[in-house]
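Presented below are the structures under discussion, each in the form of structure tokens.
Next come two complexes built around chain A: one with chain B, the other with chain C.
Moving on to the complex of A and B:
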């Protein structure tokens, strides 16, 4: 049976572990303007990134955007997932496909759509000015709000489908029993559905959080040049600054922070669902 | 990358038979280039009319400049690279040439190079097209044409100056010149840029975003290549250009042959064809870039719009590539961490 794992293991080793190991090695090298990098074994790139208030701020922005997008996706996604899971009509499969629909469009194309909506001459400003509600266009594009809205549109389907799969597995009779014992809809949700759905909440949040932490196209296109998240900062170092060692160190810091928070988050949620 | 199965096979075949491939000018040449107008013009003015009859098949590896640069760096230790010809702008070409990734240019192998403008020639590349950095302004809003970069700091243009993020080095150089400095040291420019920042200058992520802001009259003034200004004007964006009294700075788009190119002979033939007067005129007409060879004749009206006068040409500055290469990391840090913050 173990042989069945072989192709996948080889693929992961060759295409993920090997490049990551190379990247890690590069992160320990020293930048050199003339030669691009010098072989070294130094932690100075990591120390510099950690000591620099600019990168701490970029990391804080990234965490802020990722956490708020994940929370919003959960708040928006849960009711939709519940509705989808409990749906019995023949339109259910169509509704599932419609949930997936946003994923059929690439991130860049979707961001372009948001730009057309939110821009100074965009649809929303044009409508507001047209109806006389405002005289000057509102600045909406190149704001944190625009980035979160854009990311939310990307990650919402992941959250909804993950939650729906778990909610579907909760027997309806459990909710009926709660109602029978006098629980109102809110109590039933708080004491019965939510605790049973916690593994789904954990899985959905982890998936969405990771996607948000690594967002590239959306922050670049909707956040504008002043807005910085980690993935665009890594790209900047590699490509514009040709500083591969420092870019690699930033990439690993992003990976470590994401990994630690993911493990922490899912352990806490898993602990909660077990203790109930 | 426009590689068909057949062409991939052909690459594999010629790569496997280096003696056969390098003995002649024919075969396949992979050109790492921008797409859009630039790629189209290369195909219709160089690949098809000049090289196809010689038996050279050109395959374009289309993409933005930054990934191409990164690819060259990543491949520099490989024996066989993926490109035969690499197109880059002058600053990046210098940075990469410093790392020894390009074949030296021998005039003997590129006869047209004899007619290239001497100040644009480099030992590691052939100059393909060039333009100058100028001020673009909206003539309806900025009634007196700006004379110098320093005019952009006039408080009456508060919030109306837009800069594009990708030209961070060029913006810093212009600021240094506005501050009375030179192209050899951007330190005075840093202080000057912080002043512009307090005058609410806007930064746009791409040329397209800046073009949209100029069109909607959100901003009235910018620092840009004359050629791009020419294209924007043609497409109905309300801009005129002013050559700064501090002296315009040249931008040259260059072509080089990586040392690990599979078809170096074909690549040199490609560089020669790119300097052909007819091909050069086509780039001027559609993209507004001035020819780099002296035998390309432009119609007088076009020449007036895209070229500098003799007096302006005499003041033309060349970027200090060495300074930029040495200070690139610090300069981008300033731009990101202080100016854009």
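Moving on to the complex of A and C:
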């Protein structure tokens, strides 16, 4: 059995761990306009990123968008996941495929669709002006709301399918027992379904939060030039500024913040489900 | 505490009928078993009473109140599920307290009633365990305690013994019956195990393909089955095809004339005769038969007879040593004798007779 793990282990070591180690090494180098970077062992890239109010704001925006998208995905995703998990008919596999449907379209193509929908001359504004409800087009594209809506469309399937797998494992008879003992649907949800689904809630939130923190195409295309999240900022440093050491430092800061919040969040949720 | 009335309830699906016009009255404190092969509609009937399946037509009354449209949590039934359906994230005590919490019973009273229910179910000292830390039998008793602690108007049991091993099943059977009688619980019990139904229930409802075939006490069903299906389902029975001739005479396809209860010719086409009511003798009165097989079962012996081409099973206490019947072997000629009153003509529907009825 152990030998069968070898290909996967080599793949992870070669394609994930090695580049990460290299990236970390680069983040400790010094930027040089002439030769791009000098070999060094310095923390100055990290200190600069932490001190710069601009990057602090980018990080705050990233966290805000990621946290609200995760929360919204959970709120939207739970009822959908419950419905999907409790579906019995032959339509179930169709519903599962429909849930996955947004993922069949690439991020850029999907964002273009949102732009056509939300833009100044987009479908929604055209319809609203056409019916005389508004005179001037509403600013919808290039807002935080547009970015969150765009990200939600990507992450909702992950949340729904993760939750559905856990809810499916909760026997229906357990819910029936709660009803039989006098619990209405809301009480049954609060006292029985939700506590038993907590591991799925934790897994879904972690998965979605990581995806949100690292969103690239959606914030760039739907947020516009003024809107900055961490992944596009890292890209800017590498490609536009050619400042690899600083870009690498930003990437590692993003990684660390994501990791710490993920561990914190899942520890709290796991603790809740155990104490119950 | 209360009565239960099913008034012509039916459950139809797009292409099938799961339950068709079932009428049943369960008196206060009565234990009624729904019995039948799988797919006969007994579980659907129980789930309609609990409120998990809405009837397509008909009414359900619990303690005189029409609950046909009431949701499950508004029905005051206490159900024990086949899988027990304990809340896995709650302790035994929390599981049992759940129904009382839902009924907003004050803390002190709740604690006292939980303690009492755990004592009745012999679960003292296990209140702080989680269900997964208990044996199957203990989990089953938690499910019982959880359903009983709320004093439901009607107590519903969905094959609660099917996940227990044989020895435990026999014990729990007696325990449930004793508890039910002591608390005077109006009980509806679903099972496919006729022995379980015969030993526990005051009355049995035999169902088949969605319909009630017969309702009665164990003795009534065994001695006076309404049709060939009930006769074959409750206990063992010889079910013979043939033609009723003169009153009290039944002609088998092979030509033998069998004595039976007279004046029933209009009643049916199948002759039902319990194997233990047939005496096998080597001399004296009786119809000539040939012995096909003898099976010694200790206390009893089974005789497979061929009576002019008709197979007949007879079961008798094993004869004493020295009795000539003790030496009977396949191929021997014997005489089969029964009281004509024991052989009854019964109506039969297609599919009621298994191919080898004996």
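Everything that follows uses one rule, which is that the second predicted complex is superposed on the first by the 276 of 276 C-alpha atoms of A that agree within 3 Å, B and C clash if a C-alpha of one lies under 4 Å from a C-alpha of the other, contacts with A are read in each partner's own complex, and residues count from 1 in each chain.
Just so it is clear, a residue touches a chain if its C-beta (ideal position, glycine included) is under 8 Å from a C-beta of that chain, and two chains touch if they have at least 3 such contacts.
Computed from a predicted structure; not experimentally measured.
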Query raised in the report: Putting chain B and chain C on the same copy of chain A, do they fit or clash?
Result: fit
Query raised in the report: At the Cα centre of chain A, what angle separates the centres of chain B and chain C, to the nearest 10 degrees?
Result: 150
Query raised in the report: First (chain B), second (chain C), both or neither: which does A:179 touch?
Result: second
Query raised in the report: Now for A:19: first (chain B), second (chain C), both, or neither, which partner does it touch?
Result: neither
Report task. Name the contact category of A:54: first (chain B only), second (chain C only), both, or neither. Result -> first
Query raised in the report: If you stack the two complexes on chain A, which partner ends up touching A:171: first (chain B), second (chain C), both, or neither?
Result: second
**Report entry** Partner chain(s) touched by A:35 [first = chain B, second = chain C, both, neither]
**Finding:** first
Query raised in the report: Looking at the overlay, what does A:192 touch: chain B (first), chain C (second), both, or neither?
Result: second
Query - chain B and chain C, minimum CA distance [Å, superposed model] - result: 50
Query raised in the report: Across the two complexes, what residues of chain A are contacted by chain B and by chain C?
Result: none
Query - Footprint of chain C on chain A - complex, ascending - result: 171, 173-174, 176-184, 187, 191-192, 195-196, 273, 276
Report summary line: Given the complex, residues on chain B that touch chain A span 66-67, 69-70, 73, 95, 98-99, 165, 203-205, 212-213, 216, 218, 325-329, 332-333, 336-337, 340-341
Query raised in the report: Which of the residues in chain A come into contact with chain B in the complex?
Result: 31, 33-36, 54, 119-121, 220-221, 224-226, 228, 236, 238-244
Query raised in the report: Which chain C residues qualify as touching chain A in the complex?
Result: 50-52, 71-73, 75, 77-79, 81-83, 85-90, 98-99, 102-103, 146-147, 150
